[in-house]
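There are two complexes below, and they share chain A, which is joined by chain B in the first and by chain C in the second.
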Partner chain A sequence: MTTLTDSPTDSAPDPADAPRPRRWPRRLLAIGLVLVALALGGWLGLRWLAPYPYSGTVMQAPTEAPPMDGLVLSDGTPVDVDAFRGKLLLVYFGYTYCPDVCPTTLSQVAAARRQLGSQADDVQLLMISIDPERDSLDMIGRYVESFDPSFLAATGPIEDVERVASQYGIYFAKGEPLGDGYAMDHTATLMGIDTNGHLRIVWPAQLDVDRLAADLNHLL
Partner chain B sequence: MVARRALATTRRIGSAAIVAVALVACGGDDSSQSTSGAVVVTDGVEVVDAWVRPSPPAVESAAFYVTLRLAEGAAATALLEATSDRCAVVVPHASTVADDGVVTMDAALDEQLRLTTEHDIVMGPTGLHLMCLGLVEPLTTGEIVDVELRLAEHDAVVVPVSVERR
Partner chain C sequence: MLVLTLGAIAFAVFQPVQVLPRIRLGPGYALIDQDGARLTSEDGRGVITLVSFASLDCGTTCDDVAETMREVRERVDADVDLGGTDFRLLTFVLDPSPAPERVAAARTAAGADWEWAAGTEAQIENVVGLGFRRSTASIDTRPGYAIVDGWGVIRGEYQYQTLADDADKLVRHIDILGSELRNDSGFGSFVYGAAHAFQCYP
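Up next, the complex of A and B:
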């Protein structure tokens, strides 16, 4: 058996052979570096190419947000969806007698907005009351402002609210009797209309504040 | 954990009195507990994390969120009724989100209000809650509201519910 160190004589190793064993580690190092660079490049490329993972459902073909004819803001002015262009408009259909779900969503949107810092001004929440029978304009205005002073609220005659809600894919109906009143069954999703006025994303009723804030940041 | 041991000692003394321990004493090592909530123990029933949102202007309803846990070896029970001086009526309710995003609210089912060592009663937003109807006066951030819980085979528990924004 012959190995490099198994020299038949005690003479000094041939100077031509000596560097050879060191060449392999260098080559291995070079190959390793290339592989690491390729892996890193691939990972970065995939990250760059992969779609951003929104926590809401993104519309494949965003369409122009339906108008809200007949609805008025709490200050009495008609709602003009186009007037919100340039801002990210979040639309939520709720009602003030809603003790659990609506305050939860509004609190979460307020919290997500706070996370945006100076960009928060570009996010506008609009709650449409689906219970105009009990919700006066004054009530809905003060209601949403208690969550975030920037929040807006609107409602209108029930026929108009029903038409607008259905155009936004929202279902609502009187539900369980509650004390002297009633609860409303309703689609409690949050809708995002992008800065170009397109209905772009729908978030589920159960939101994650950090992910919502990240989504809003990404949409702006 | 010091607080837990203190509670266990209190139970051993056999006091039926309600013991409220600020969770600050827990050193914040249990993230499932609110830093501003309280642990109330009576007769083996522990009330953890009781809170309610401040009520918006002109709103006459609210949702109290109270999580109940049973101490090791305590007899199984059930939440029968809740009352508060601040509400005309308090009803255990549950919000349910369907796959299509429609939320409905109904009276809580008996099985949701069952309390055993294996089954805690966990309340939270868009889920199980104690619905307060006919709010007598607005709930303001920072105040503590008493809610009395009547439990099967147990003494009534007065839970200090913290009004806070979450």
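Up next, the complex of A and C:
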């Protein structure tokens, strides 16, 4: 006869008294994984939500780029801003006798454009000469091509240049004598017209080539 | 991700930070001031400018606008922290090619001590008509103001209402611009960038 005391069950140690398996390492691992997942999700979310930090000033309202009526390209073709839709159009107001800021800016745009690789063809620079008195169409064409063969240049009667420049926030006027001629005082910002023909961004005169290239890449 | 999305929605709805929109580029110009000296848009670079418009013979309307401008300046100087950015007033004269003496006399009559800019008919059409998109006819037909930031970007456009309303709104909006100028760096630039992206406008 088997008594209760003989039962194997009774002879086994009480499970309540048995040492519990160590679960803390697993819990810590689970908490760690959850935290990592949250951090990763947060980082991805911030990347998704965060506005891109352009190095220029971005316009909120989608404003149509002002027309350039009266201006002609160096080959004599009238400038039609709408014809550049589908490309990122960079507009700069300068002149060929410009001693410093114009060649610097054009060189920087050319360098930034080179960084874009195959996308460079989607970026078009257009320089408007603010000095039509001295800058002939042939001169401005050759001038901008010396920085990048893809660059275009345009100018026109002074009253048309003044009207267009004003709408792009550009001031210019004859300045101090320079050599045998004169310098032109002018606003040296660079404007970006997006692929939909909206004036989207204005970069300051002091450009950073890498940041400009990143901005162009993002705008494309 | 869900929390961030909800947070973004809450940000857009409750607008804990407000900004003035970057409406469009203000016009570039090289005009003449009341003393016959050159006055250009570059003079406003890095400065917040409150712009108004005046006809030389518009009388009480221009006096009211000038009084509002003075009040705004006093209140901004006293109560608004622009983070070290200068604030200035500027009035564009709608009359074409006036003699500087006429501009100076009208400016004095209006009790204004800030710059008044005048130019040819074509220049005023470029600046006021195309740039600020306002009528270049007499100010009595469409008086108003604009706020231009230090980048030359138009941040606010206002129609003339009443003296008290105009001053209150202009000061409040300049204060919002001041907050952005003070805080738009580091994490703040992310917050203000989001406020622009979500169009958290007053």
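Operating definition for what follows: the second predicted complex is superposed on the first by the 199 of 220 C-alpha atoms of A that agree within 3 Å, B and C clash if a C-alpha of one lies under 4 Å from a C-alpha of the other, contacts with A are read in each partner's own complex, and residues count from 1 in each chain.
By definition in this document, a residue touches a chain if its C-beta (ideal position, glycine included) is under 8 Å from a C-beta of that chain, and two chains touch if they have at least 3 such contacts.
It should be emphasised that the depicted structure is a prediction, and the values quoted were computed from it without experimental measurement.
*Asks:* Is A:Thr96 contacted by the first partner chain B, the second partner chain C, both or neither?
*Replies:* In the superposed model, A:Thr96 contacts chain B only, not chain C.
*Asks:* Output check: A:Tyr171 vs chain B and chain C. Expected answer is one of first, second, both, neither. What do you get?
*Replies:* both
*Asks:* Is A:Ala61 in contact with chain B, with chain C, with both, or with neither (first, second, both, neither)?
*Replies:* second
*Asks:* Quick one: name whichever of chain B and chain C touches more residues of chain A.
*Replies:* C
*Asks:* Taking the superposition as given, does A:Ser107 touch the first partner, chain B, the second, chain C, both, or neither?
*Replies:* In the superposition, A:Ser107 contacts chain B only.
*Asks:* One more residue to check, A:Thr187. First (chain B), second (chain C), both or neither?
*Replies:* After superposing on A, A:Thr187 lies in contact with both chain B and chain C.
*Asks:* Contacts for A:Pro53 in the overlay, against chain B (first) and chain C (second): which applies, first, second, both or neither?
*Replies:* In the superposed model, A:Pro53 contacts chain C only, not chain B.
*Asks:* Is A:Met139 touching the first partner chain B, the second partner chain C, both, or neither of them?
*Replies:* It touches chain B, and chain C stays clear.
*Asks:* Please identify the positions on chain A that touch both chain B and chain C, taking each partner from its own complex.
*Replies:* In chain A, residues 171, 185, 187 are touched by chain B and also by chain C.
*Asks:* Considering only the defined contacts, which chain A positions touch chain B in the complex?
*Replies:* 96-97, 99-101, 103-104, 107, 139, 142-143, 146-147, 171, 175-176, 178-179, 183, 185-189, 204-206
*Asks:* Write out the stretch or stretches of chain C touching chain A in their complex.
*Replies:* Chain C residues touching chain A: 1, 4-5, 8, 21-30, 38, 40-42, 122-123, 126-127, 130-131, 151-153, 189-190, 193-194, 196-197, 199.
*Asks:* Under the touch definition given earlier, write down the residues of chain B that touch chain A in their complex.
*Replies:* That would be residues 53-54, 56-63, 88-89, 91, 93, 95, 97, 100-107, 125-127, 129, 131-134, 165-166 of chain B.
*Asks:* Which residues of chain A touch chain C in the complex?
*Replies:* 41-42, 44-46, 48-51, 53, 57-61, 63, 66, 159, 162-163, 165-173, 185, 187, 191, 199, 202
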